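Next come two complexes, and both contain chain A; in the first it sits with chain B, in the second with chain C.
Showing the complex of A and B:
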């Protein structure tokens, strides 16, 4: 414990981007790639294991064996599994995943066209729920001893109990049917009309983020109540800040770290909710395509959509892990340290 | 400059501290010594307006002609940092883990001085040099977890003296540190308070430490200040029976000549243990552990003034002039 400076040179840190941060980014990227590979294999294997003959699904159970064999040949189903797997994955890079058996549309084209609404809905809901939870949870913690805080807590509890589709229907009824302020459904592409696009997403995002906001709000509240008792809040007050200013200035960032962890855990639920919400609000996203594909038993479409949704979750996870490391310098030091160091 | 009259700190119906009187003249260093849980830290924090949120203050704390008890958090915030500096007990928990240490000190200057960005930075580096931190320019950009506990305490000291306050409140500033670092930090605090002519309220559970740093010493037991005297007098001629017992229980600290310094040194043990807050006897709070207690002790003893501003709050004090 000698009074000597710790490791690291001053120059790196002055520039705010030190080798440790780069190492963290490298590591997270590697994690992302490996997860994507394993995930795609699992998706591929699961639908194989479900069994059933795709050729018979398309042609009907009564189809003559020769026709079925011809169909299998045409679809490449008689090739070894790893050839099929590589062919399928390769399709995502070449832009040719195949065509829908019954719909006749190009799967890759459809996915690209529908990626917009789904990512906007998912990322939008994620951002909205984190920001709202931080604001409401902090307010509730600062007012934990009066009516304001209690009311917020009550609403948060209600929010947790209400399922997304039900909240969606209620919101549509109030804001679209009764008040007529917002569209009840449908989607305007972002690039054509950014403002109109955001307006069309207000209700879906509200419905989808309600539940996760409520969970996070309660989480922020309890994390904030802990942070309030930290010594560094008292230090900030000793410098001349009021209690509230000290908490906002020094508590928020420390609370944001655990909130990100919770948000990461909620990502799966968020995407599942997005599928439902897209169907409630008639958004032309991946979730709607998924529902139609499942009903039509389109194995290839379902499999491809599962992979895309998995990738969205992984990418969000990647972004959150990165910001996690950037928010908490202790984590960057720990993760960035070489294995032998 | 600081004058306390009947300061009461309570949580709900429970009164944690009742300090009848305490004065800190300009530039003077006053120590509060007592066991853990005696209320000495709460007293120090209350003076700086840093008491726990659920605590309520009553009575009077006059600081530079201004009454501090009853000030809103906003008004008190203008006194904190600018006029009263605070050095915390545990430096490893007192810095924000997500912010570099330089900017954390700069914040104190931004809040309490009219300096601009460049001047603030220069002043932080100057302060770092003053508290003898190595390589101030490099250290400015470190995170708290990247520096040692001793360095963290130096950063906090730099923060406390940044705006040149008139009073420095130090709440057991070396308790959480390595023994080797403790002395350096003590010497630094003493030196700074002399150089900047800051008055100081220094809290510690070690009488030896307080005696080395302070001009006057107050002894706290059960949330009450029971004796107050110049630092030299209190160890040599304790008057309160608790102070006497405290010194007797401290083998490293010779009280007068009766404790031999060599091995096999004798020390006495104080009977019983400190009661929990709210469980103290009525009257003299020490009487259930005191070997000299009589029926008289069931009523609260008055303050009996002695020489040189000293006083004792005891029905059966050690006779002035030396131990019996």
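Showing the complex of A and C:
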């Protein structure tokens, strides 16, 4: 989105690698690395501290002691915790995290195989919700100042209040059961059949993007209304543009920042929503695998998947924070100090 | 789901309302509508303790899959003949219990964390604020799934997961306004007077940011209800025989082509409860006007 710097940026700041930019990149990278380390430790510790004996969690609390001892030996649970932790983390770099105990599959392979559906679902929904929010928010701001506000507020409230999985069920009923236009679930790999893959994702993406679209629409609308009162719009009109053309040309760029801010805040919810939606539509993604692993109490699979999903959220946050530190250098200075947007 | 959290800084309503500021004495309509919806949900939950149309656990196979409007079963029955209306009424209890307990605990802990961050200085403050920012980004469902593996699935696991999720959010909402209050002259005066930092936070900062916390609480109740429903829908929240709106939807899903009506009312119940708390939050925001405190944000 808009690689042009926002207004108020002086020329030399656009030249790229000045110290400010390096500072932003360095700080965001440090945050990413530290949070990844803390996050992985917390996931690892939570499962062990709260869950107790991993062998008993897999075998059941009533398991005979010999079986439990054999299981501990097999999974390397007798080693010191930091050896186990480092072994586990190291597995992500060597591509060998271990095997699922009850499923028998290679965990790393499964994670790689399931990244596709999850990322298509999550990023597809992100893109759809941004485009829709820009369109609806701008349209309502330009065309109906009062009725539009009420309608957008109502849409926002309903969009938040309807759980994504319920929206998914209603969509399945309408488009799959009654009309028979779209599949009720399942997934076609993108590389095998791109069109079929997109068709299988229409309902999941619709269900997942509903809530975030509704919220973003409200932000776009109010940002657009703010832009309309700016002096530069009047200037543009004085230069002969129509009001709508001036707002579209100069306004959209300034709406980019609030949209990016809200999108960043919504990232976690989006991934969480993807986990739930995958289970509604039986998409073979990370969320589906995670739920099955939780039900089977497969500690190693759960902790590995939790870490991967966490990393996706952290990396997306990193990218968003970075792009917005670079989009508007003034923001980077303001963040972390009093009030935020 | 759980989308309630991004604080809608500038409501799209009332454009050009710059001059309409001194409307404080009037109750905003959203406050009234929200309060009525919340009262309805709370009333239904309380009612479930004294009266339900049928025994919630009673299975009556002869009456299974009764359609909506059947005498005695106004909202129909599910595939084992349990009365839908009864399930909805008892489900309200679970929803409110989980979200209210979790929200209150998280609000207390999160506010304390936020105040501590606001009152700390220099590098320590930026590190704490950063950590809270990262915490906000972590999806609640993810925490819940990890906890459900370690603990027995059920309402307690849901509550703990929601608490973990809400603490950074509550902290983040607190920091900005608290810092603004801490920068005011009377705080300086209180320091000069010899008051301790804790006393100032408790006595001067907390009361002044309380409108923000009240609004936040309402929004969190709504988000908590959504998460509880999602967890129960996934099968890692409320376990049978505890009634839950999310689990009703889980049970309705395989019946979607046979008895599509089963998924209507639990979903509507969730929607009404979430709408109620969110609209109440909007109404409180307009009424208490916390923006006079958070003016600096945009």
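What we mean here is this: the second predicted complex is superposed on the first by the 273 of 341 C-alpha atoms of A that agree within 3 Å, B and C clash if a C-alpha of one lies under 4 Å from a C-alpha of the other, contacts with A are read in each partner's own complex, and residues count from 1 in each chain.
The rule is simple: a residue touches a chain if its C-beta (ideal position, glycine included) is under 8 Å from a C-beta of that chain, and two chains touch if they have at least 3 such contacts.
As the structure is a computational prediction, the values presented were derived from the model and not from experiment.
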item: Partner chain in contact with A:218 - chain B first, chain C second, else both or neither; value: second
item: Touching partner for A:147 - first (chain B), second (chain C), both, neither; value: neither
item: Contacts of A:232 with chain B and chain C, given as first, second, both or neither; value: first
item: Chain C versus chain B, contacts on chain A by residue; value: C
item: A:179 touches, of chain B and chain C: first, second, both or neither?; value: neither
item: Partner chain(s) touched by A:160 [first = chain B, second = chain C, both, neither]; value: second
item: Touched partner set for A:195, first chain B, second chain C, both or neither; value: neither
item: Interfacial residue positions of chain B with respect to chain A in the complex; value: 45, 48-50, 53, 73-74, 77-78, 80-82, 85-86, 88, 90, 93-100, 104, 107-108, 111-112, 132-135, 137-139, 141-143, 145-151, 154, 156, 159-160, 163, 178, 180-181, 184
item: Footprint of chain B on chain A - complex, ascending; value: 1-10, 13-14, 228, 230-232, 234-245, 250, 253-254, 257, 327-330, 333
item: Sites on chain A touched by chain C in the complex; value: 31, 35, 39, 43, 46-47, 49-51, 57, 140, 145-146, 148-150, 152-153, 156-166, 169-170, 172-173, 177, 184, 211-212, 214-215, 218-219, 221-223, 225-226, 262, 264-269, 271-273, 275-276, 279-280, 290-291, 293-295, 297-299, 302-303, 306, 309-310, 313-314, 317, 336-341
item: List of chain C residues in touch with chain A within their complex; value: 1-6, 8-16, 126, 129-131, 133-134, 136-142, 145-151, 176-177, 179-180, 183, 222, 226, 229-230, 233-236, 249, 252-253, 256-257, 260, 263, 266-267, 270-271, 274-275, 278-279, 282, 294, 296-298
